[in-house]
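Got some structures for you, see below.
In what comes next, chain A is part of two complexes: it sits with chain B in the first one and with chain C in the second one.
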Partner chain A sequence: MKKSPVCNPEPAVNIVHNTRYTTGLLMFLLVGLFFFSLMVGRLEIRLSEIWTFACASLFGTPVPPELSSKALVFTLIRFPRCLLAVFVGMGMSISGAVYQGLFRNPLVSPDILGVSAGCTFGAALGLILPGDSFMLVRVLSFVFGLAAVFLALGIARMIAVSPILVLVLAGLVVTSVFSAFLMILKYVSDPYNDLPAIVFWIMGSLNRVEWNDLYIIMPVIGGGLILIHILRYRLNVLSLGDLQTRSLGMNPTVYRIIFIMVSSLMVAVTVSTCGQVCWIGLVIPHIARTLVGPNHSKMIPVTLLIGGIFMLAADMLARSITAAELPVSIITALTGAPLFVYLLYKNRGSGWI
Partner chain B sequence: MTLICRSVAFSYNARTILDDISFQVEKGVFCAILGRNGSGKTTLLHCLNGILKPACGNIFVDGLDLGRISQAQIARHVSMVPQEHTDIFPFSVIDCIVMGRTPFLKMTQSPGPAEYRMAMDALHTLNAEYLAERNYNQISGGERQIALLARALLQSSATILLDEPTNHLDFNNQYRMLSRMKRLCRKHNTRIIASMHDPNLAMMFSDQVVMLKQGRIIAQGKTKTVMTESSVGELYDTETQKIGLPDSVNIFLPADIVRENILSKNEDPLP
Partner chain C sequence: MVDMAGRTVTVSGRAERIITTFKPATLSVLSLGLADRLVAVDTHSPRVEINTAVYPAMSALPKIGNRSMGMNLETIISLKPDLVLLYAQKDGVITADRLSRSGIPAIIILPESMASIKAALRIIAQAAGCPERADTVIQAIDHVMSVVSARTDGLPAQQRKTVYYAGPEGFFSTASGNMLQDEMISLAGGINAGHALAGFFKSISPEQFVQWNPDAVFVCREIRSSTGKYLKKPQLAEVSAVKGKQFFCVPSGNAPWDFPSPLSALGVLWAAKRLYPDRFTDVDLIKEIDQFHEILFSRSFTEMGGQLADTIHP
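Here is the complex of A and B:
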């Protein structure tokens, strides 16, 4: 029965073992990069100064007067922004991994059920409506993002045959409907103020962050990450398809709903705060799979860490490459797309792509 | 210790698939389910696995009423080797096999070293340790069947359901697969219920036969007594002739093909 070795340049399972080192290294990298990105920017902050600021906010020790403006920049802008980058990167990449597992398709990104389209429409609506409250924009964005997912789930439930395929199609329908709505809004909006606002909003950036956003984002994404991390092994089984999932004693529908709801919540909260961040959800899970193999038990923690690192690095580039700040989506797309091509090339012949 | 199927019926959108199915299978018995395409073989297996709930009737597996226990509990007693062979993520074979422990894990648990050791043992039982580290998407159809059988062993070696286990297998692998199954019955007292396409393979390997035609049982019982020219002929709607071979092996052939004498025998058209 033994077959001669299959002609494959790089067997995909040869590095499945010893993910502990990979995970440890990535953790080290993430922490290192976090401190590095706290230091760089328009205003350079030294490590010793970070220590002073940390002591000041934790124990109430006084900050020297010459550092007080730096302290403000650090605590109100730099630190929350880096924190946000880590959470957004982790949330988006994990959602991508979850969706790719659920839909048994490596080309799926977290907005396949229309979350992003819904969020974008909601935000545009908020920007057009009178009033300057950014809170309204975020709430509308979040609500419409989740509404889009519910709509897609509802359509799929109504049709109810071949759940995965129907979900994809329903997502397609919902996405294009919300895109059409968005176009209507763009068409009727005031071309001097509202239209540019919508366009810039869609491009996505982390520069609008405030601590108030983090108080919402951290528990939502943090909770989602923990839940998915706990349930991650179930993604292995779900990726076998509904029939085998059932015969292995699991109810695929229940788990699918849990995973979809948690991921959509994370994506909605992200997009409603920072606009669309392209490519993270698609590329990062692929990097993780290339590093430690497709087993979700090992791949989910690695995805999480790489997501945080990638987003942190992308945001650092976005705010330091040019004098004016670039939308972070441009960075993630320009780096993510070639990386994706490379990964497709490297993993060719593993029977999956 | 018996699997009892008592007047089970199943219909899908008012179309009756299974009607009044009753049979029982003891432990350590290889039972073949024969029938034409669309006769309800796969549906019956899915009912026995709890994937589909019968509209009426009961299924008892070793005293447990499948209608009254959860899917996870069913999965601890009945395992399945599916027919589908869609590519999944490029998992290693051992990662696939270890999924057989899923119904025994807590919701938040991932399989650990103990589960992986059990998976290696299952592969050892099937003499296929060499598969462990291979990419599931790159092994042959026969090797996949071995991997799935190992997974089923890990899940429940008491009752294993197989959906057309010899489909997609070549001549050699068909016999390897079936003898492996037969050995499990004898050595591990496993109850095997397999839907099969080829009555001759069923004749050679099974202990018991259930013949399904349009969702009804037309004959069942011991293979030796049930498999006759008339029952096989009725099952496949064609007159059938039984031909004896040496070593008391019998095979069935459609009678008209035997009569027309078009089988390659002695005459040799090749120069």
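Here is the complex of A and C:
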């Protein structure tokens, strides 16, 4: 938890007013940006054409032959990609928010705790193992992602001094261990077949997405978001600490495990679909907190919306600036990192870290 | 003598103990008929089938590491080579200077284009004391190139086909305008779809692929097995190369002709034949390939069990 209600200087009424206003504005922005990004790309697609394609897919009206190539690009490449960007952005930023609330530590996120590194290693292992099972890659990614969180938690608990700092350090340790494992995999793998596949996978991009991926991503991330949204008040309770949680009649261990499992699952499906996307999980919850305060019941929906907007915008730039595709992590890191520094500066001395 | 990084190196004039540190260097040495002078190679070279077919003893030679994971300098020095062929990227130049300081002649070669492939052959042959051998190989290359240019030079601009080349990092990773693959496509009379890109292999979006609308797709053999599915993807169905099923894997089964080596000349011939079959009806591809291999390796392609392996099944 960043600020307890006691040290929160803003009056409650103001925040309630702000929250409604902010949430509404963000929702409007997200929808607007979504439609805008459907039109932007290497192939120019106009709003009227989108209407034609939408009618064609919904009611089966015929598409003029000169538009058939565009229709395929729109329905099978661009639309699923924009949808994926929104889901990935929401999933990553919410898992960041959950981790930060859960561990009462503003400096953690799936990348910092080693979850992303664990998921990446699992995915690479799945690629190397014989058999061409797509599911294996995802399952291993999830298993090693979870292993990474629990390893980081275990190390931090074992050391048990200065929990905020130690958890970050433990995450650093876990990240480098899994990076080393990944390097071993790359070293022993066949340079002609496995290695290019792993490198391609890790580089991460949303450009491979197809509807098949979305059939997995949408229920997993969508379900996770709904569950966390419903349980978001419990995060407030958990962030008070175990003793208070118990005295309020809630079993902290059960909820903690639920939250960790759900958010790690979201990270795992993201990593196994589009590789590592940096910074979103760390920065977006902080932006949300700056806007509407630390109360999870308000902050979770705002995080969700900003995450979707941010990722959608980043991917839109990545796929349309040049003929070659920019890795989306370049954009998220280059915008996320300075933003984080700014937030650190702005919130200095407010008990934020 | 001066190497391809502009370094001046003193060589004995007849190198007898040669070490190669990357695949194009090894293949160049073999095509000059200098296989039995090799005392060590990089770890990747013996995995190229043609290398072990030409020189089976290569698998048993000491390995000095490789370009991507680093080399073992002590192994190199302990083998007392009188010529080490190094790459220009990464730590190549630094290593060459260190070796030269310890009295071991080290030469940088940079085969990245048809011209520099020939230049590399000349430099190696000179250091090994057999410059006439380079002339023979270069003549063979020029012969193949003249077979191609005689049939594609007159192609009007609107008949030139656009080719999309997919590199080893995946189907949507393509060769930029300053890579060998771009030059090979244009020598074969085609136009590289990614010609305007700069740098190394570049990743593109599927949208960009549709927009380029290539007439043919060439893929490198690393991704051959995973390419067939793109022929069936509905989102690419309107692309000319998909409609016409013009997907090919760059040969061959025993050496990648789309990467720098004297064999790249055969890659150009093959590409031209696949792009403009009508203009090459009089050219027997396998016969030309066999002749070329005979000159370079004293054994024909067919004798070595070579196969084009260029089809892609959906």
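We take it that the second predicted complex is superposed on the first by the 270 of 353 C-alpha atoms of A that agree within 3 Å, B and C clash if a C-alpha of one lies under 4 Å from a C-alpha of the other, contacts with A are read in each partner's own complex, and residues count from 1 in each chain.
Note that in this section a contact is a pair of C-beta atoms (placed from the backbone, for glycine too) under 8 Å apart; a residue touches a chain by one contact, two chains touch by 3 or more.
Here the structure is a predicted model, which is why all the values come from computation and not from measurement.
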- Query: Taking the superposition as given, does A:R20 touch the first partner, chain B, the second, chain C, both, or neither?
  - Reply: neither
- After lining up the shared chain so the two structures overlap, which partner does A:N236 touch, if you call chain B first and chain C second: first, second, both or neither? first
- Is chain A touched at more residues by chain B or by chain C? B
- Please indicate which partner A:V73 is in contact with in the superposed arrangement: first for chain B, second for chain C, both, or neither. second
- Message: Contact-wise, after the overlay, does A:G249 reach chain B, chain C, both or neither (first, second, both, neither)?
- Response: first
- Listed in rising order, chain A residues that touch chain C in their complex are 41-43, 68-69, 72-73, 75-78, 187, 191-193, 196-197, 199-200, 203, 205, 207-208, 210, 319, 323-325, 327
- Item | chain C - residues contacting chain A, complex | 44, 47, 68-69, 168-170, 172-173, 176, 194, 196-197, 202-208, 210-211, 213, 221-223, 225-226, 233-239
- Task: Within their complex, state which residues of chain B touch chain A.
- Result: 49-51, 70-76, 79-80, 82, 84, 86-92, 95, 99-100, 102-103, 105, 107-111, 128, 130, 133-135, 137-140, 142-143, 155, 173, 176
- Query: Where on chain A does chain B make contact in their complex?
  - Reply: 1-3, 6, 8, 11-14, 16, 101, 104, 230-234, 236-237, 239-241, 243-244, 246-251, 289, 293-295, 297, 350-352
